[in-house]
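Each of the next two complexes has chain A plus one other chain: chain B in the first, chain C in the second.
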Partner chain A sequence: MRALAREALALVCAMILIVCARDAAAQRTVTVWHPYRGAEQQAFDQVLQAFERAHPGVSVTTLAVPFDAYAAKLEAAIPRGNGPDLFVDAHERIPSYLARRIITSADTAIARVGSDLEPIALEAVQSGSERYGVPLALKCLALFVDEELWERAGRPSLDSLESIARARAALPPSAYPLVYYASNAYFHSAIVHALGGQLFDPQRGTYAFDGSPAIESLTFVQRLLADRVIPPEVDGASVTPYFRSGRAMTVISGPWLVGELGGGRRYRVVVLPRVRDGGRVMSPFVTVEVAFLASNARAPELANELAAYLASPAAARVRATVGRQVVATQSVWSEPELANDAVLAAFRRAASRGRVMPTHNNMRLSWEPANQAIRRALRDPRATRVAIDQGRRRYEDASRPLPAKRSPLPLQLALGLIALAIALRSVQRARDPDFRAAVKRSMPAYAYVTHAVVIVALLVVLPLVLGATTSLYAGRDGALEYVGGANYWDIITARGGSLFASGTFYAVLLVTVLWTVANLALHVSIGVVLALVLSRPLLKLRAVYRVLLIIPWAVPSYVTALAWKGIFHRQTGAMNAILSSLGVEPISWFAQFSTAFAANVVTNTWLGFPFMMVVTIGALAAIPKDLYEAAEVDGATPWQQFRHITLPLLRPTLLPAVSMGAVWTFNQFNVIFLVSGGEPDGATEILVTEAYRWAFTRQAQYGYAAAYAVLIFGVLVLGTRLLERLTLGKQGGSK
Partner chain B sequence: MATLSLRTIRKVLGANAILKGIDLDVQSGEFVVLVGPSGCGKSTLLRTIAGLETPDEGSIKLDDRDVTRAEPRERDIAMVFQSYALYPHLTVRDNLAFGLRLRGESEATVKSRVEEVSQMLGLGALLDRLPKDMSGGQRQRVAMGRAIARRPKLFLFDEPLSNLDAALRNQVRVEIKKLHASLGATMIYVTHDQVEAMTLADQLVVLNSGKVEQKGPPLEVYARPASRFVAGFLGSPSMNFTDAVVSDDSTSAVAEGLRAPIDRQRFGAIERGRKVVVGIRPHDVTVRKGESSAHGYRDGATPTEITVAVDVVEAMGFEAYAHGPVGGAPFVARVEGAADALPRRGDRLALSVEPAHVHLFDPETGRSLAGAP
Partner chain C sequence: MNTTRKGPFWLEPLSHFVLIVAVAFALYPVLWVISLALDGVQRPVARAIPWPESPSLDNFRAILFARGGGGEWLFVRQLTNSIVISAATALTAIAIATPAAYALARFPDFVGAKGGTKALLATQMFPGVASAVPLYMLLDKLRLLDTRSGLVLVYATTAVPFAIFQLRGAFETIPKDLEEAAMVDGATRFQAFVKVVLPAARPALAVTALFAFMSAWNEFILAATFLSRESAFTLPVALQRHVGEYDAAWGKFAAGSIIVSVPVMALFYALQKNLVGGLTSGGVKG
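Let's look at the complex of A and B:
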C-alpha cells in the first residue's frame, strides 16, 4: 500500500516536472512560417540555424507553407493563437493584414538595422506613422539576354525595346528578339510607367490605366506583335521554354527564372531598357519581401530579435549568396562576393529603378480589369479604346462603394414574428389531444428518420441558410455588414448600367443558358447514338467499347478539363496541330467568344455524354423485344421503329437524366474555370464562375457572391419546375 | 385470305436444330393450330412464317409468292403475341391505328377501321386508355384488334391465351372461334394447350422436336393418333400405355391384368407373340360392376379384359379417376358414379374396353400399327 502511494507521488512529481519543462521550453521557442522553396528555403534554414547558435536555449520552429493557401492559413491561424510569431510575405498584403489585425508594428526591430536597409524597401512597409515588417529582399523584373543569339544578331543595342525590335531581321524566323508575358498587367506596367502612365494611382487610391499613356503602351505592344518582335500568346509558363530552346534573344522575367534556366544557356541579366530610343527606362513594380511580426505572438521579443537578425548583414549575406535573393540590406552589397555577382547586381539595379508596388487595398482590384483590357487590346487593336474603357468600368464595378449599412431590425423583427407565430401554432397544436396522440403513435417513425434529417439539415439546409443569410451582408475582405437586399438590387439592376452589358447578371445568365442547352443537346444526342450502337447484339467486343466510353466519366473532371485546355493551346495544342496538318491556320481558341465557348462545350461534352449513354443503355435494355417485333410485323421500317418505339419509350428515363444533367451543366464550374477561364474578357463565364470571382478574386465580396448563389438556386428551382411541368404535360397527363 | 405453303423448313439456332424439315399447307380460310410440348419448335415455326426468323433451308410461299427472304413488313401478316406487345406509350386507339398509319392509310380509313374493330371486340369504352390501365383480357382483345384492323392476309397467334386465367381463357377461346367464323380469315395458332388445340382447329398439326408428328382434323387425330407421342399428348388424363404381347390367336394383346381385344379391321393380322404397346384412354373403359370387388364390385370368376388394383382415387365430383398398375405400368380409369359408389384404395376393378378403343403402337418406333385409314 505504502509502495503504491510512493509510486503515485513519484508519478505526480514527474508530471509536474514535465509540465514545467514544457513551459520553460515554450518561452524559448519562436515559430516562423515562410513560403520559400529550393535555394531560398535552404538559405533561410541556414540563417535560422545561425540564429539558434547565437542564442543558446532558443529554438526556432519553421513551417514552409505552400504559397496558394498562405494568406488564408495565416488569417485563420493567427487570431486563434496557433499561428507563427513571425512570418515572411510580400509587402502588398500589409493593408489586408492590418485590417485583419494579424500583424504588429516592426519599428523596434527596424530601429536596430534601419539605417542599413534600402530606402525603397522601408518606404514599402510604411503605413501611416508606423512600419510593419522588416524588409528582407526585393523582387522585380529584369532583362535576360541570351548571349549566343545576341551575338548572332550582331550584338544589337539593348538600350531600348525599339533597338531590340530592330534585331528581328537578323534573327531566324523561329526565334524572337523579345519574349515576355505581354498580356499580363504586371509585365505591361513597366512599359506604362516608362511612358508616363500608371496602372494605379497610389495617392488617390484609384485605377489609372487609361488616358494616352495606356493607349500608347498598348499600341506599342501591338506593333511589337505585328512585327513579330514578340511571339503571340505567351503566358508566364511558356517564357522558359522559349529561352531554354534558344528562341528568345531577350526575355523579361524575374529572379525566379534563374532557377528554372539551369546551366543550359549562356546569358546575362541587365536592367530593363527604355521603351523608345531616347525615352524613359522601363520601371517595373518592386515587391518587397518582409518579415512580419504576428499579433497574438507567444514570443514577441524573440520574434522581434529574429526579425532584426534576418535583416542583419550576416543573415543577408547567406540569403544573397545561397538563396540568390536581392537582399534589402545595403552594407553587404559592397562586399566583393556580391559586388561581383552580375545577376544579383543587375536585379538590384533594376529594383532601384523600379516602383514600389502600391499597398492600397484597391490595387489588388486593378489587376483583373487591367489584364482583361490588355488582353482584349492585344487581340483586337481596333478595340484598344473600348478595351481600356471596359477595364475602367470593370474596376469601378468591382470597387464600387458598398451599399449603405442598414439596420437589421426589420429583418429581425420579421423573423421574430414568424418564429412567434410558429411557436404559438405549435403550442396550440400541442394542446390538441388528437395531435398529441398522433405524435405519440408516430414516435417510432421519427426514430427511423432522425439520422437522415440531421444529416440533411447539417449538409444541405444549414449551408443554404448560411449562404442566404450571407447574401444580406456586404463588405470586402471578409468584413461584412448588414445591407438588406442591396446586393440583390445591385445584381438585378446590373449595378445601374445597361442590363445586357458584358459581365451583368443577365448577360452571364444568357451565356449560362446557352451553355446548358448546347451541352445537353450534345450529351443526349451523342449518348443516345452510342447507346444504340452499343446495344446492337451483333456488335463484337461490346463490353470493351462500353468500358472505354465510360472512361471520360470515370476520370476526375478537373484532370480532363486541364487536358483539354492543353489540347486547345495555341502553340502546343493538339487541336491546332491537327488543323495545321490539314492546312488550316492555327486558331487562338480563347481569343473569341465562339471558339472559346466551343472549346468549353467540347470539353464538357466529352465529360457528359457517358452519363447519358449509360442511362440510355439501361433504358434500351428495358424495352421489350416484342415491341420491335410487333412493330416490324405491323410494317415499321427500322427508322420508324426508332421514331415510334425507341424514342417515346426512352423519354421517361431520359427526362430525369436530362433535368439532372441540366443542373450539373448549369453549375459546371470546373470546365469553365479551367478550360477558358472565362476568356475572352469574361465572356464565357457562367453564373457559378462569376459568383466565384466575386467571392475570391474581387476582394472577397462574400455577400455579393452569396447573393449570386441564391439567385442561381432560384433560377435552377424555377427551371426544373418548368421542365417537370413540361414533361408531365407531354406524357398526356397520365400518372 | 390466303394460302400458305411451307416446304422442308429447317432452322438451327446455335447447336440445336429447332426445325427439322417442316412441310405444311394451309388452305385459304383455314384455322390451323400448331400444338406440341415446350421446345417442339412451334413458336419458331410461327416466327419463321412471320419473317422474324429466317429459315436456314426451305421455302415459304404466301399466295404463291415466295416470301422466304422477305422482311416481315413486306408479308402483310398480323401477329398476336403471347405478351400482347402493346405499345405502352400509345392509347388503345393509337395502338389499333399504328399499323394502318405506318402503311400510309388515310386518317378517314384509319378512323373507320378503328371504329369497326372496336365495335367488333367491344373496345369502345377503352379507346383512350393506355395499356397499363387495362386488365389482361382487355389487353388481349386490343392485341387482336390491332391484328384485325390491318386486314392482313394471314393471322398468326403465338399462345395468345396463356397469360389469362382459366375462366377468361375459355371465354376468349370462344371469341376467337367466333371471330374466325365471321372474318373467314386464314389463321395459324400456336399453343401447348390441347383444349385450345382441339376446340379451335380446322386442322391440327402436332409438332414434336422440330418435326410434324401428325396433321389432320382434330377429332381424327384424337381418334386415330399416328404415334404414341400424339396419343399421349392429346387427351386428359393422358392415354394409358402398357407393354403387351399379341396372343396366340392374334385377337388380343396380353399383359398381366390386361387382355385387350384387337380390331382386326384397323390393325390387320398381327403375328402372334409380337411385342406391342397397348394404348387405352381412361375414358374408353367401362367398369364391369358384377366382377369388381367391394362396394358392390364383386370379385368375379370370369376373366375380365383389364384388372386394376386401385391404389389412388381422384374424385372429381361427377366422375373419378382410379389409379393402379396394369402390366407393370401405371393405369388410369375413369369411373362414373355417386361419391359413395366410387371405388376405394385396395379395391380391384374389372374393366372392359371396346376393340375400337384399343390402340397399338410399335415399341421401338412409337408409330401406330394401324394401316392407313
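Let's look at the complex of A and C:
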C-alpha cells in the first residue's frame, strides 16, 4: 500500500516535472519591435518564421510600431521591463539609447557573424570599446535614371550634376533633368560633402554648416533652381509623381523609392555623380539599420541568438531578395541572385562611397537648423549668408549649455513650509464652528463627488503636476538634474538675446495670440451667420444643410489637417490648381508667414465653425418668439431686432463657448504641427508646438518643454481672467 | 436676424447661396480624401476637382483584409478594440462625471466646490505634452499597461472635466421642482436624481457621451505608447502606420481615414438632434 502510494507520488512528481519542463520550453518567447512596413515587413516576418522553425519551442512575438511613437515607446517601456528583447532602429540613436541605458553590448552576437559583416557597418555601431547592435542593412541615397527621358535627351553623361544640368535644353519644358528634395539637409549634405564641407564635425562634436563650402553648395543649388534644372519646392512626397509621370530624367532618392515606382517606367540606379565636372563625387550619409539588444530583456540569450541569426547569410538573403534591403552581410553578395540585381548592387556601391552618419549626440540637433538655413537660402538667394548665420544661432540655442545643477534644498524647504501652513490652516479651520457646520451641510454633496475627485486627482491632476515639476529639472535624453528656476529664467530672458527675435517665447506668444484671435473671430462670425440663416423659419432643405455643415466636426482632425496640408501643396495641391485655372500664378503657401499662417487659419476655421454654429442654433431656439413679435408691434426694424434682442440674448451662451474655444485654439497642436509644421523658419509655430519641439526634436529636453507648458498654463489663466473681467464689465454696462 | 415670416424677396436665394458656399467649403477636403482613397496612385496629383485618376478599391481592400503575424484578421480585431475602448470610455466618463456634475448643480455652495471647479478648469488649460511619461509610469504601477482597461481609464478621466461642465449646465436648466415633487412623494434625493433628473437630461448625456467616445476613437499617441501588441491596437494606431519618416502610402492612409471616420460620423448623425439641445445647456463657467 505504502509502496503504491510512494509510486503514485513519484509518478505525480514526474508528471509535474514533465509538464513544467514542457511549459518552460513552450514559454521561451522572444519579443521583437520594428518600424518596418510593406515588403521589408514581409521579409522580416518570413525570417522570423524561419528562426522559429529552426528553434522548436521558441516563439517570436513581433510588434510593428508606428514611426511617430517608436522612440518614445522604447524609452518608456524598456527601463520598466515592458519592452522588447530586441528591436530594430538606426545606428545614430546609439548614444541616446546608451544614455538612457536601454541597450546592451552586442559583442557576443557579433562574434558569431562578425567577420561576414561590412566593416563600415561594424564601425558605425562601435562606441568606446564595445559594439552595440548587430548591423542588418545600409541605407543611403543613389541616382535613379529614367531610361526613356535619358535617351530622348541624347544620353547625356551622368558623371556630374553639371553635365546632368546641360540636358535642360534637350528636354521638354514640363520635364526636369534632376528632381530631388533639395531643401532637406539629408539630401543637401551629399553636395556639401563633395565640396569639402560638412553639416557636423563629428570629431569636435559641433555644427559645421557654415563657411565657404556651405555658401558654395547653396549658390550651386540656387543656380540649378534658376536655370530650371530642378523644379521649385519639391518635398519628399512629390519626387515620386515627377518620376512616375515621366517628368524627371534623374532622381536622387533612397531605396524606399523602389517600392513606390512599380513597373511603370524603365529605369536604372547608379551611384551619385560628382557635383562639378572633374570635381569630387557626392557622398551621401549612410545609415546602418541595427538589431539592438534591449537591456532588461526577459530572454537575453534568445535575443542574442536571434540577432546573430538576422545577420546570418540565410536571413540576409531573404531580407535582400524579398525586402529589397542592402544587407550588411557580405557573403550573400557573391551569390548569383544578388550579384545580378543591378538596383541593389548600385545602392551597395553608393553606400561604399558614402559617409557613415556620425553618432555624436549633437548630430541630431543639427538637422532642424540646417534644414531651416537651406530652405531660407533657396527661397531667397540674397539672404544666403543671413540664413547660414541664423542656422548656427538656432543650433546654439538648441544645444545651449545646461543650467548649473542646484541643490533642491530651498525648494524642499519652501514645500515643507507651504505644507506646514496648509496643515495649520486646516487645523484652524477645523476648529472654527462655522466651518464645521458648512462641512456638515456639504456632506450630501460629497456623496456625489468623492469618487470623481479621487479619480481625477490621481489620473489627471497628478500626471500634470508631475509633468510640471519636471520644469525644475534639466538634462538631455532623460538624464535629469535639479536646476531650480533656470529653465524659466532662460525662456523669459531669451537667454540674453533680443526679446522679440524669431523663436523667442515672446515672439511665439505673439503669434499664438494672433492665431487665437483670428480663429475665434472667424469661428464666431461664420458660426453665427450660418446659425441665423439656418434658423429662418421658412428655409427649405434645412436638415440637409445642417447635416452637411457639421461634417468637419465629425471627421478626426488629424485626417483633415493632413488633407488641408495636401490642398495647400505647391505642386500637387488643389488650391494652386484652382488658382492656375483662374490664370493666377501658383503660390508657395508655406514660403512666407502670411500665407502659411492663412493656411493654418483656414484649416482650423474649417474644423471649428460647426461647433459655434450648433451652439448658436441652440441659443437662437431658446429666445422666446414673443420678444420679436412685441418688437415688431413697436415698429422695430429687423436690424434693430437683431441688435437689441438677438445679440444680447446670444451673449450668455456664446461667452462660455468662446472662452472654451479660446483655450482649445490656444493649445491647438494638430493643425499647426500637421499643416504648416511651423514653416517658414518656425515663424508660424505656436507655444504648444514649440514645447513639443523642445521635448521631442531637440534632444528630449523635457525640463525646458515642461517650463513652456507651465508658462502656457499661466498665460491661459491670466488671459481667461482678463477676458472674463472685460466681458463681465461690458455686460454690466449694457444692462 | 429677422425671424418673422416676412422679409425681402432676395432673402431666400441669398440664404441658399450662403449655405451652398459653406457646404462646398465643408465638403471639399472630405471629397479630396475620398478621391485619394479611391485612386490607385499612392500620391496626390494636382487637380482642382477631386476625382480619382484611375478608380479602384485596392486601398480599401488592403486595409480591410490585412492579416496579422498569427493569421488573425487584424482589421476586425482593431475595429473591435476601438469600439470596446471608446464605448467603455464614454460610459466610464459619464458614470464618473454625472454625480459630480449633479452635486455642483444642486449644492453649488458646498465646501470645496469653488476650488474643485477651478482645478477642473485648470486641467483644460494645461497642455498635455508633459503628462504622457508620468501617465505611463502610473499605469505601469497600477499594472494596467498594455490593457484595454488602462487605456479606458486614461481616456475617461481626461474626458471627465469637460463632461462635468457640460452636465452641470444641463442639470442647472432642469427645474428643481421636479425632484422636489418626487421627494415630497417619498423618494430619496438619490432616487429622484436617478428617476427624474437623469431622464430629463438625456440629450445632454447623449452629447457628452458622444464627445468622450469621439476623443477615445480618434486618439493615437497614448494608444501607440501604452499598447504593445498589434492585435491590441486601435484603428488610428494602425492607420498611423501608413505614414513613415521618408514616405507615406497616402492612398491607404486616406482609405483608412474614411473607414475610421464612418462609424463616428454615423454616431454623430444619429445624435445630432440632441446636439443642439445638449450643448447649449452646458457651458463652462469658472
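Criterion: the second predicted complex is superposed on the first by the 564 of 735 C-alpha atoms of A that agree within 3 Å, B and C clash if a C-alpha of one lies under 4 Å from a C-alpha of the other, contacts with A are read in each partner's own complex, and residues count from 1 in each chain.
Everything below uses one rule, namely that a contact is a pair of C-beta atoms (placed from the backbone, for glycine too) under 8 Å apart; a residue touches a chain by one contact, two chains touch by 3 or more.
Fair warning: this is a prediction, and the values are worked out from it, not measured in the lab.
Novice: Examine A:659 and indicate which partner it touches, taking first as chain B and second as chain C; both and neither are also allowed.
Specialist: The second partner, chain C, only.
Novice: In the superposed arrangement, which partner chain does A:248 touch: chain B (first), chain C (second), both, or neither?
Specialist: In the superposition, A:248 touches no partner, neither chain B nor chain C.
Novice: Per the overlay, which chain contacts more chain A residues, chain B or chain C?
Specialist: C
Novice: Which partner does A:76 reach: the first (chain B), the second (chain C), both, or neither?
Specialist: Touch partner of A:76: chain C, not chain B.
Novice: Quick check on the superposed pair: does A:599 touch chain B, chain C, both, or neither? Answer first, second, both or neither.
Specialist: Touch partners of A:599: none, neither chain B nor chain C.
Novice: After superposition on the shared chain, which partner residues are touched by A:644: those of chain B (first), chain C (second), both, or neither?
Specialist: In the superposition, A:644 contacts chain B only.
Novice: Quick one: is A:633 in contact with chain B, with chain C, with both, or with neither? Answer first, second, both or neither.
Specialist: First partner only, chain B.
Novice: Does any part of chain A touch chain B in one structure and chain C in the other, and if so which residues?
Specialist: 629, 632
Novice: Under the touch definition given earlier, write down the residues of chain B that touch chain A in their complex.
Specialist: The touching residues are 47, 50-52, 71-73, 77-79, 81, 83, 85, 87-89, 91, 98-99, 102-103, 130, 146, 150.
Novice: Write out the stretch or stretches of chain A touching chain B in their complex.
Specialist: Residues of chain A touching chain B: 624, 626-627, 629-637, 640, 644-645, 648-649, 651, 732, 734.
Novice: Using the touch rule from the top, collect the residues of chain C that touch chain A in their complex.
Specialist: Against chain A, the touching part of chain C is residues 1-5, 7, 11-12, 15-16, 18-19, 22-23, 25-30, 32-33, 36, 41-48, 50, 69, 96-97, 99-100, 102-104, 106-107, 110-113, 116, 119-120, 122-127, 129-138, 140, 145-146, 153-154, 157-158, 160-161, 164, 189, 214, 217-218, 220-221, 224-225, 228-230, 236-237, 240-250, 253, 257, 260-261, 264-265, 268-269, 272, 275-277, 279-286.
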